[in-house]
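Working notes, beginning with the structure itself.
The first chain written gets the first letter, and so on, giving A, B, C and D; residue counts start at 1 in each chain.
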Amino acid sequence: MSALFWPGDHRAGSLMSDSALLRAMVAVEQAWLESLVENRLADPGATGSLADLVSDSDLGELATRAEHAGNPVLALVDLLRARARTPATVMWLHRGLTSQDVLDTALVLCARDALASVCADVDRQVAAVLELAVRFRDAPMVARTLTQHAVPYTFGLKAALWLQGVLDAAEDLDRIAAALPSQLGGAAGTMAAAVELAASAGAIDPVGSALAVAASTSARLGLVARTPWHTTRAPITRLGDALCGAIDAWGRIANDVLLLARPEIAELAEPGEAGRGASSTMPQKTNPVLSVLIRRAALTAPTLAAQLHLTAAEAVDERPDGAWHAEWLPLHLLGRQAVIAAAQTTELLTGLRVEPERMRATLTAARPGIDAERTSLAQLRAPDPDRATDAYVGAAGVVVDAICERARLRIASRG
Amino acid sequence: MSALFWPGDHRAGSLMSDSALLRAMVAVEQAWLESLVENRLADPGATGSLADLVSDSDLGELATRAEHAGNPVLALVDLLRARARTPATVMWLHRGLTSQDVLDTALVLCARDALASVCADVDRQVAAVLELAVRFRDAPMVARTLTQHAVPYTFGLKAALWLQGVLDAAEDLDRIAAALPSQLGGAAGTMAAAVELAASAGAIDPVGSALAVAASTSARLGLVARTPWHTTRAPITRLGDALCGAIDAWGRIANDVLLLARPEIAELAEPGEAGRGASSTMPQKTNPVLSVLIRRAALTAPTLAAQLHLTAAEAVDERPDGAWHAEWLPLHLLGRQAVIAAAQTTELLTGLRVEPERMRATLTAARPGIDAERTSLAQLRAPDPDRATDAYVGAAGVVVDAICERARLRIASRG
Amino acid sequence: MSALFWPGDHRAGSLMSDSALLRAMVAVEQAWLESLVENRLADPGATGSLADLVSDSDLGELATRAEHAGNPVLALVDLLRARARTPATVMWLHRGLTSQDVLDTALVLCARDALASVCADVDRQVAAVLELAVRFRDAPMVARTLTQHAVPYTFGLKAALWLQGVLDAAEDLDRIAAALPSQLGGAAGTMAAAVELAASAGAIDPVGSALAVAASTSARLGLVARTPWHTTRAPITRLGDALCGAIDAWGRIANDVLLLARPEIAELAEPGEAGRGASSTMPQKTNPVLSVLIRRAALTAPTLAAQLHLTAAEAVDERPDGAWHAEWLPLHLLGRQAVIAAAQTTELLTGLRVEPERMRATLTAARPGIDAERTSLAQLRAPDPDRATDAYVGAAGVVVDAICERARLRIASRG
Amino acid sequence: MSALFWPGDHRAGSLMSDSALLRAMVAVEQAWLESLVENRLADPGATGSLADLVSDSDLGELATRAEHAGNPVLALVDLLRARARTPATVMWLHRGLTSQDVLDTALVLCARDALASVCADVDRQVAAVLELAVRFRDAPMVARTLTQHAVPYTFGLKAALWLQGVLDAAEDLDRIAAALPSQLGGAAGTMAAAVELAASAGAIDPVGSALAVAASTSARLGLVARTPWHTTRAPITRLGDALCGAIDAWGRIANDVLLLARPEIAELAEPGEAGRGASSTMPQKTNPVLSVLIRRAALTAPTLAAQLHLTAAEAVDERPDGAWHAEWLPLHLLGRQAVIAAAQTTELLTGLRVEPERMRATLTAARPGIDAERTSLAQLRAPDPDRATDAYVGAAGVVVDAICERARLRIASRG
């Protein structure tokens, strides 16, 4: 992303960047080449580090040449061959792979790093919101529905439901992260070239040898081997949906902060880092910038995830004529935006300032209207005279406890 | 949906319709009322069948009055109370529930029926494509990548990859279907009214009694009880993503049929039901109507799923001011469109006409160009002279077998 | 749309409904048939009213049969022929037309009626907001930016900017409404059948005769004749963009009302119609239902308009294999949703309750912070001592006047 | 955009880039400062070139600091003040402006440059397709509808309809380009600071002076002055819609090329630039890369335009809390993608290879089926025996001529 157009972009560092994609593509070629050699499909002299043959200074040329082939892999292979240290590397590099193998697998590697960053932030968020939910478990405030004061409530329950949203998102992220697949099928998913190489090398079971190369490559890269998915894109749409689901959860929190930090309400405030939220002309203002930027991502992510579904649905043939190519940018954007929003949400939640006195004051001022439901119930059957009159928050505490327990289970499982 | 605007709409019958939603809302009120009585929060005389108090003839009035409250629940409760057979029913109906409880849970019930229909079709699709993959396991054809002839291929592998797409979708649908939650939290998710009712009825543990009502209601409805999710909408976005993922898989198949049924290619044809695909002016034409209509859904679904993510991300307060209301229609549309596209895809796949001779002829005509990859490999190392020269499909058969095995496991598990 | 899933649906009546589409398709067939006769391509006995041959009771059958051909036209033509009063009508009906001609033109007719409804509401809105802007031209309030109090402001300027949004939308709607085209090209846009009919009828200039039939048909329908646009869909995307643009403008207003009607702010309130905004359990509440439902549309419309762009972009051949079919439902939805939101916005704006005292009180309470910009300016150069100290609203009044003048020009031009 | 994720990105050069945005923001500050001086609101010594105070080497710092304020303007102003050559510049820089003024106007300036690039390509496309339509006006081919052979057709008409799509897009682009507005309203659109500065400088009509500064600034920048549009975003949504409409038109062309360049059809071929479309493993292949990449943009653009509508619809207050911030990236993406796709489409169309013999052969082979409509007409009335039997293309030539005439009018008007 262009940084001025998406403030906070620097938080994602090189995750899901051109640079990361280049390194990942090289890593795929390297792992495959080593596996070819290991399984005797290629000559032993073919191996040798590829990583130092290219650098970010090649990105400009690769990007320009990428248009010629429609993707950057051919240009990269040409470059690696031109700079390879041995003729064997030149000869055996990329043999048996197709562009889509390299690019799909490299994108998965990039996504893995982005996911790791997101999940680490999710862990921090879970810890931070758990603390809020516990600390303010019974802190009274008003519930607002359809913008109006509804019934008494607790900030503990509000925080617990933020937590529930984050935990739901985490569940999906974890499942995706545990099953990231490699893509290794050759020109059309048949692995024909690899099988042929195995046969010409005298393999007794050429198909088995080719599959062994794929398995070994996947293992080297730490990915799950699966049957080719060049045109069945659930691995991509699931990833997009999970990232979007996480951004949904963060957006939902940011919306509450944006509202409750309004001066007329003032029940929450963003962390007060010096200089953050300053205005170019109004010295008195402190804008809730973190929440604004998180909300921005929440408005953007759904249609990026939709682009991934569309490209999946538009697949045709054994490699699609544009639908595949339209996948890379939304993946790049969604990946980086998730990383950035994750970090901003962590910062928001760990430094959030809660004003329980103000919350209580709002509740008090909302009386007696806010007690109307309770009053109407009393007309059905006389209330228990021993019950405290100021609490009408039902099972709120128990719900908080249940969600906190779920959070603790996750924390324990993440070790 | 309006039927003329979405041909095939009748296939969904009353699934996810106004009528189904009405029945589902009544079922929720009924289950809750019975559970109130069962747990002694309401008087025993309050139960009695609600289902026959309203009918489709009430839909017009409910729809009109729904605008007044922003949702149809209040109007329904008024109607049920006006028609209830006993004063106890009037008194206890809906006590402890909020509109969102009733509508969310009713939508989940409607979604369950739609999912059941979709999953039954998925079962049929798996069986049909499995048969295609087995029958044509080794039938040669050309692989096409970026529209051009690439390498030799088999129709078995093409079918197997269609199958893989359907199985991936089924995996997500099954997971959703197994964990459909009820929504029972009261005005703001605290269950305050239910707890109060329990207390006034002399319950020793009012909170426990209220939770028991919710548990009992969920059990009656066959749903999973969970902590309130009024503003954490993963249950909805996951459902939307899974339905969209299924439509992606079907669209991907339809695209192949649309292409391969073109007269210049003619390797596949739609089932030849009399009259289907006729033109209003060109008597000779038979249009691939099933695939056209499936593809239509594939172009539409991604942004419907995105609408659900957006509404999730835009949640605020304890009930959102529009984001909740914007959820219902995309859910209605996505649910019905999935049911319809599922049925159309089943029909397409069970009656698909495959022309293996034509496929082979295309492959033959594509020589020698299509053998270029193989030829280039032969320059690296002399090929095994004993290898058959007409097959260059690598591990295609083994990939087919692996995917078929996965299909058989699912069939077995679905009993 | 299914009414329970989109409260307020009844406001659109039969606009853009199945029923309206049926009538519009018949009107197209009728106009074409009469023009064939008028231009001597068909026998004089072929005319006669078609409108009473079908009715809403046929919708079920038409909808079911629509799936067979992929669209409802063939089934309609069959029905009309079966019921036609003369053999000449049977013989000449639909000759020279293709399904897409009939459906596209009928959709445009339906859209025209929807646009007329929307534009009438826009007129009412312009009048209502103009009055607000004039009445409250100088009424002080705080400006809020990024949720925080920024500088002094006027409600007149806020209203004027609402007005500006509506006027911008009106500009686009008017342009679209003035150039709604018919679609009359025959099977592939060549008008070959009509030309052939003219030639066989002895026309000296068969092409000229065929074009005259198209021109006459367009004139009868009150549409603009243009070269066929079966696969160039700007007429559809522009319509979608304009409708979405209007919904954007209304959503923006609704967002302000939702915020300013919050109890902590209370500077605006929705019109207080009895019973509107009631809660199913909280008797004290009055929810801002109109704004909630308008906002709902604003969250939904953008991706519906995007569906229309996608189907335009996905056109191929002389009639697309799904992209055309995917157009009808979003058009139906966007049309109805615009009509409904237009009416709701009119009601909101004509009955909006403004609390200038409360606005002033907020501004007073925001001092001195809200004067910080002014104070900082005073450090640059001493302020004019004669200037009133309580106003710091710059050119607000002049901006209001300019926008009001634009509104008056439109009102005058609309007669 | 990250170049490896969107091959062809280099074609857009610095258009709509971080670098262009930086220069544009500086240009806005410069024009405003000069206008302040010109109108005697600021001291004469305040002017002086700002452009050389910053460079691309500042982008990293600006991007990082942009997150603090939520947008990059404050950081830029700080930098300019730190480096300004005179105290007067430090004192008067940015006075009267707000961040949104600078960023909105700068984005419009960037968009203007992107639009100019797109429109120049549109001019080239119009010339190229006009030539195709004229040259192949009567070249026979088959029309395809719903994937099947329909009736005889001409390549001239196909090209003319491509042209019609481009001309429709051009119409919208031209209208947008002719009315690009500046944004100059100060903190909340009231111009209060500018008016105050004018008053303190002794202006007789401070409001008039402030408006004169805005008018002068707009004139310096070549933009249209209009009342503030901080929260009424039609200028942005219209721009997005027009760019998307152009991409729709190009995508529609690319789809035809992708289909007709398939080996089984072979009626069109992409320009044969050496090396373009090469495969990483299949030496015989030439992939239609330009069309693939154009189609990619067509799949992506609709939801980017939808993001702009959503952000418009989500505006609230006098500056929105995220909706404004979510606008910049889709604008960046849509702008660059349009520039790139425009250039690719120009290259595609100017070098397109047409195979009229192959087209004719397909038509011949499609007989007699493709004559069925004509045959069915002959049953109605005996055809004119003098009519040529091989042409059944009706008014195709006349339609081509009409669209070509429209193209020539545009060419003439563009000088």
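Everything below uses one rule, namely that contacts are C-beta pairs under 8 Å (C-beta built on N, C-alpha and C of every residue); 3 or more make two chains touch, one makes a residue touch a chain.
Since this is a predicted model, take the numbers as computed values, not measurements.
Peer 1: Between A-C, A-B or B-C, which repeats the contact pattern of B-D in over half of its pairs?
Peer 2: When the residue numbers line up for over half the pairs, the pair is A-C.
Peer 1: If you tally contacting C-beta pairs, which comes out ahead, A-D or A-C? Let me know.
Peer 2: Of the two interfaces, A-C and A-D, more C-beta pairs touch across A-D.
Peer 1: What's the distance between the Cα centroids of subunit C and subunit D, rounded to whole Å?
Peer 2: That pair's centroid distance is 24 Å.
Peer 1: Measure off the straight-line distance from the CA centroid of subunit A to the CA centroid of subunit C, and report it in whole Å.
Peer 2: That gives a centre separation of 37 Å.
Peer 1: How many angstrom between the C-alpha centroids of subunit D and subunit A?
Peer 2: 31
Peer 1: Among the residues of subunit B, pick out those that touch two or more other chains and give their numbers.
Peer 2: Those would be 70, 144-147, 150-151, 186-187, 193, 258-259, 277, 279, 281-282, 287-289, 292, 298-299, 303, 306-307, 310, 314, 321, 373.
Peer 1: Can you tell me which positions in subunit D touch subunit B when the two form their complex?
Peer 2: 144-151, 258-259, 261-265, 277, 279, 281-289, 292, 303, 306, 310, 362, 366, 369-370, 372-373, 376
Peer 1: Would you pull the subunit A residues touching subunit D in the complex into a rising list?
Peer 2: Contacts found on subunit A: 1-11, 17-18, 21-22, 59-60, 62-64, 66-74, 77, 94, 97-99, 102, 186-187, 193, 254, 258, 275-282, 287-289, 291-300, 303-304, 306-307, 310-311, 314, 321-323, 325-326, 328-333.
Peer 1: How about subunit D: which of its residues touch subunit C in the complex?
Peer 2: Touching subunit C: residues 70, 91-92, 95, 143-147, 150-154, 157-158, 160-162, 164-165, 168-169, 172, 186-197, 199-202, 207, 210-211, 227-234, 237-238, 241, 244-245, 247-249, 251-252, 255-256, 259, 298-299, 301-303, 305-307, 309-310, 312-321, 373-374, 377-378, 380-384, 387, 392-399, 402-403 of subunit D.
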